[in-house]
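Some structures are shown below for you to check.
Next, two complexes with chain A in common: one pairs it with chain B, the other with chain C.
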Partner chain A sequence: MRPSTGNTEKSNLLMIGLILALVVFLALPAFISEGWISLVNEMLILALAACGLNLMLGYAGMVSFGPAGFYAVGAYATALILINTKLPFALAFAAGPLIAGLSAIIIGWFCVRLTQVYFALLTLAFAQIIHTIIFEWYGFTKGDNGIVDIPIPQILKSITHYYYFSFIIIVLSLILLWLIIKSPFGKTLQAMRENAQRAESIGINVRLYQLSTFVLSGFFLGIAGSLFCGFNKNVFPNYAHWGKSTEMLVVCLLGGIYNFFGPIVGSIVYLFLDKVITAHTQYWPLVLGLIIIILLLFLRGGIAGFIAERLTFRQRRGESAE
Partner chain B sequence: MFRVEKLVKTFGGLMAVTQVSFTLEKGEISSIIGPNGAGKTTLFNLLTGHLKPDSGTVHFKDRDITALSPHRICRSGIGRSFQKTNIFPRLTAFDNVQVALMAWQKKTRNVIQRADRFFQKETQDILDSLGLGDKKEKTAGLLAHGDQRLLEIGITLGTFPELILLDEPTAGMSPEESYKTMELIQQIVRSRNLTLLFIEHDMNIVFGISEKVRVMHFGAIIAEGTPEAIRANDQVQKIYLAEEL
Partner chain C sequence: MNLQGIVIQVLSGISTGMVIFLIAVGLSLVFGTLRILNLAHGALYMLGAYLCYWISALITQNAGGFWWALLLAPIGVALFGGLVEIVLLRRIYDREHLDQYLLTFALVLIIGDLCKLAWGVEYHLVPAPWPFQGPIFVLGMPFPSYNIFLIACGPLVFIGLWALIRYTRLGKIIRAMTYNREMANALGTNVPRVYTVVFMLGCWLAGLGGTLVVPTASAMPGMDMIVLIECFIIIVIGGLGSLSGAFLGSLIFGLVNAFGILVAPRLAVAFVFILMIVVLIIRPWGLMGEPE
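This part shows the complex of A and B:
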């Protein structure tokens, strides 16, 4: 059967690529300076956040403008527990995604009642509410001063150690996300994205599945937030700002929302460009604007989408040449 | 088996469906015909929960299913296809049918196992019965129009309905294609022992396979009977004659 041969070939290629990437990321700290390790760490955390958002955006077709809200809830939950209590780090860390997931249940319950642009705007509104709460509630969140000098275990204070810690968490999270999108649940989300009305007519409770996606997405954004809290050892209200949400959306679009690896590629390219261009000019937002325009006009599938298309094209040509 | 009683739906003073009552027996193949705007699709939307009736009831297998939500009505055993092609365009033909099977068998909550493991054979069977077996890897939205219409019926069959409601299953097809498709549908309905109610605009197609025909005009069912009886009905002739003029 020809199609399946093509598929195994493709999945073999993917497997080799993944193992290669794993080896590269594991070996990286031995070859680059601590400054660069930090940058890669930041890329990976942003990649996880974007993948969490993309479960909603690319797979379920729910355009959210407020992912940063859950990211900030994760970060602040971990930070507040570490600052105010004597609870062990592992517990404080786990609390981030759990509390982010819980808040996603409440916020999602309202949001899934709306669709399209109304849905998007409501997610934005809730994220801004989270931002305002963090910003104004000095007594609890220290407002715009942020929470600084968050105590983390001695062993994680080294940049390299924290890199490996977050690498493990991120790989595990990505495997979990991969299982989700390949499962019947994941297929159902894609069907909903394609045609929500039809999905309902085959017996799918669309709102319930949208809410589940919302919560899962919030949970993974929370993991990313908690990781960034430990990485930065400081947290600030702008983690919940719409600017941060936009950054995540751009990362998804840059890499490609219809490809699992899109947001990962997007995050690497985005932060790399950010660092390189900011080193030469202060007009990074200008360049970013141009990138977004080019993406939307010419590269709708993003970078990963473009590569996947090329690969399929080559494979097809190979087949017809046989 | 399926009983509709005095169903009424108005849109801002306009009576779209007026006091419609009818029953379907198990295994019956019947149709609803009528000129454009007669309220046929509105009636279907009332039966499948896409619209809420102002009054009246719908019973299926002695259970009141009036105004339940679409997914609940689907679960009760009523499958539906739509007048406008209504598939999952960017999924493959295979996935289109498979997701319906998974939805029906309540596997869609499974987040751990791989979706490929489920209903390979059942999906293939449905696609084969529609003659789409060798197109299963194709992206649904890129299939020919006729194949998309068939795939739509495939999705409906994936929910293992006992009663299927098809809204103009041959819309947009050439006459030859239409006859072939209706024959195929008839064959599937018989072999799976289903009950079929379909809407059709073209009288000739309807008379070929229906055991019973209902004529809708201005929101009401004005005649009901065998194709021969309907063909001989004066009122029906007038409506269709008026339309042709």
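This part shows the complex of A and C:
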């Protein structure tokens, strides 16, 4: 039973890697400056958003151009509740993902009626509508001035404390996402991605599954948005901008969309490059464009995909040598 | 509102629509034939606008700078597009949609930054060229004569493209490939060459739109994305890959926008978005398109 031994070896390796990563992230604040902690925090939040998007993109094969819409709904919901009401932080925070999920039900209901290019365009259109509403509704969202100085509890005001707070939320969310993907539901999504017609013919209600995925994805994007709202203490309309959506898409692609950890790796690499390159030149988009092209032409499957492929390759070579 | 006001608003809506028709029809043509949604189409339009500014300034206005730009800038964009198609796009035709989106998006970033490097971030306006400098009077109301010129350009290009697709050999191949790509391949068409030519034609149209827009709206960073999203709306309303659909969609877009601005200035964009969503739900293949 060679393959199964290989799989156990691989999952053991993965387990060790995960525990190592967990320890590193927990210990980090002791070793790096506050500026870097805040960068790592940003990486983790973007990683969660990208993983939420990737549930649709990589697992269900639904290309969305508008994930930033739900991210912004989450951020604005938390921000508006904190600024306008006396509700406790926990409630305001929970409201973000819930309202993002609710709006995903409405928007998704329209979107899943369409496929491929039309689906992508419709998600883009809805995200732009969300952007327009936030941008133009001065009385409620303060338009392009954004909402600034959002009150968060005293205990979360220190960067390190907020880092741990968001780390816990993000790890829990990722575990939840992992369980979803490994469940029969997740397997069905992958079957739909491979061939929607066949999935339909064995009695799967494809639209319903797509809508559920859309809502789940919106929910996780909402968590990321709410976390970023508390992290930044300001929210701006450009959270819903299509540029933010493409950032998430690039992060997924950079890391690899057919690997659970792809978007996480992608987010870390992306924001690190962003920071390093912006320090040297204002032409970060130019460099990013070149990176994407190189990635597409020479590194298919993204960074995580590339590493996984190498590992399997080595393993296979080891086996044949035995 | 009185009659004159309505007429002026209709005219200005049509002139907006006709410029954007040039750009949208290029996007639609490329999509219909190559099956690639080119996100860089707006960036190519912006490149056309900057080239127009650059050539006009180089030749100076007295020597008819704008008219030279009108001739040369779109050709420059088409040549650039041909290069991009041969070097990059060709490698990803058989890939998934996502890879194609991302490659063309990378081009958006690269072209955008190259324009910034070359021409800075300032707004560049080219004055309306002779003989369209002054206003003309419609029912006693002044209306820029340059916009009348723009209104004429739309149908001209429409007829030209229609004739090209209807009567030439290239047009026959384009129609065949839009209708059934595999069959066209099997019948011995030189597909790569047709792809390059069609892509260059699409780029030429984007460049033409960019050139024509500079005397009314100036060349500036960010114009690429605004126009791209507008083009999406138009080709979705009209039908992806349909020539007459792009024309109809552009007219509707221009008019809804012109009257939307009167009703709620800040929400004009939302009206066209809503229109697009309605079309997508009732007729997902667009007003003039055909269901797949």
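Just so we're on the same page, the second predicted complex is superposed on the first by the 322 of 322 C-alpha atoms of A that agree within 3 Å, B and C clash if a C-alpha of one lies under 4 Å from a C-alpha of the other, contacts with A are read in each partner's own complex, and residues count from 1 in each chain.
Going forward, a residue touches a chain if its C-beta (ideal position, glycine included) is under 8 Å from a C-beta of that chain, and two chains touch if they have at least 3 such contacts.
As the structure is a prediction and not an experimental result, all values here were calculated from the model.
A.B. asks: With the two structures laid over each other on chain A, which partner does A:S38 touch: chain B (first), chain C (second), both, or neither?
C.D. replies: In the superposition, A:S38 contacts neither chain B nor chain C.
A.B. asks: Return first, second, both or neither, reflecting whether A:N234 touches chain B, chain C, both chains, or no partner chain.
C.D. replies: After superposition on chain A, A:N234 lies in contact with neither partner.
A.B. asks: Should A:F185 be classified as contacting the first partner (chain B), the second (chain C), both, or neither?
C.D. replies: A:F185 sits against chain B, while chain C stays out of touch.
A.B. asks: Does chain A have more residues touched by chain B or by chain C?
C.D. replies: C
A.B. asks: Quick check on the superposed pair: does A:Y118 touch chain B, chain C, both, or neither? Answer first, second, both or neither.
C.D. replies: Only chain C is touched by A:Y118; chain B is not.
A.B. asks: Please indicate which partner A:I129 is in contact with in the superposed arrangement: first for chain B, second for chain C, both, or neither.
C.D. replies: It touches chain C, and chain B stays clear.
A.B. asks: Taking the superposition on A as described, I'd like to know which of chain B and chain C A:T160 touches: first, second, both or neither.
C.D. replies: Neither chain B nor chain C is touched by A:T160.
A.B. asks: Across the two complexes, find the residues of chain A that touch chain B and also touch chain C.
C.D. replies: none
A.B. asks: Which residues of chain A touch chain C once you look at their complex with the stated criterion?
C.D. replies: 57, 63, 65, 110, 113-114, 116-118, 120-122, 124-126, 128-129, 132-133, 136, 242, 246, 249-250, 253, 257, 283, 285-286, 288-290, 292-293, 296-297
A.B. asks: State the interface residues of chain A toward chain B in the complex, per the touch definition above.
C.D. replies: Listed in rising order, the residues of chain A that touch chain B are 3, 179-180, 182-188, 190-191, 194-195, 197-206, 209.
A.B. asks: Taking the touch rule as given, give the residues of chain B at its contact with chain A in the complex, in rising order.
C.D. replies: Contact set of chain B toward chain A: 48, 50, 69-71, 74-75, 79-80, 82, 86-91, 95-96, 98-100, 102-104, 107-116, 118, 137, 155-156, 158-159.
A.B. asks: Looking at the complex, which residues from chain C come into contact with chain A?
C.D. replies: Listed in rising order, the residues of chain C that touch chain A are 31, 37, 88, 91-92, 97-99, 101-103, 105-110, 112-114, 116-117, 225, 229, 232-233, 236, 240, 266-267, 269-270, 273, 276-277, 280-281, 284.
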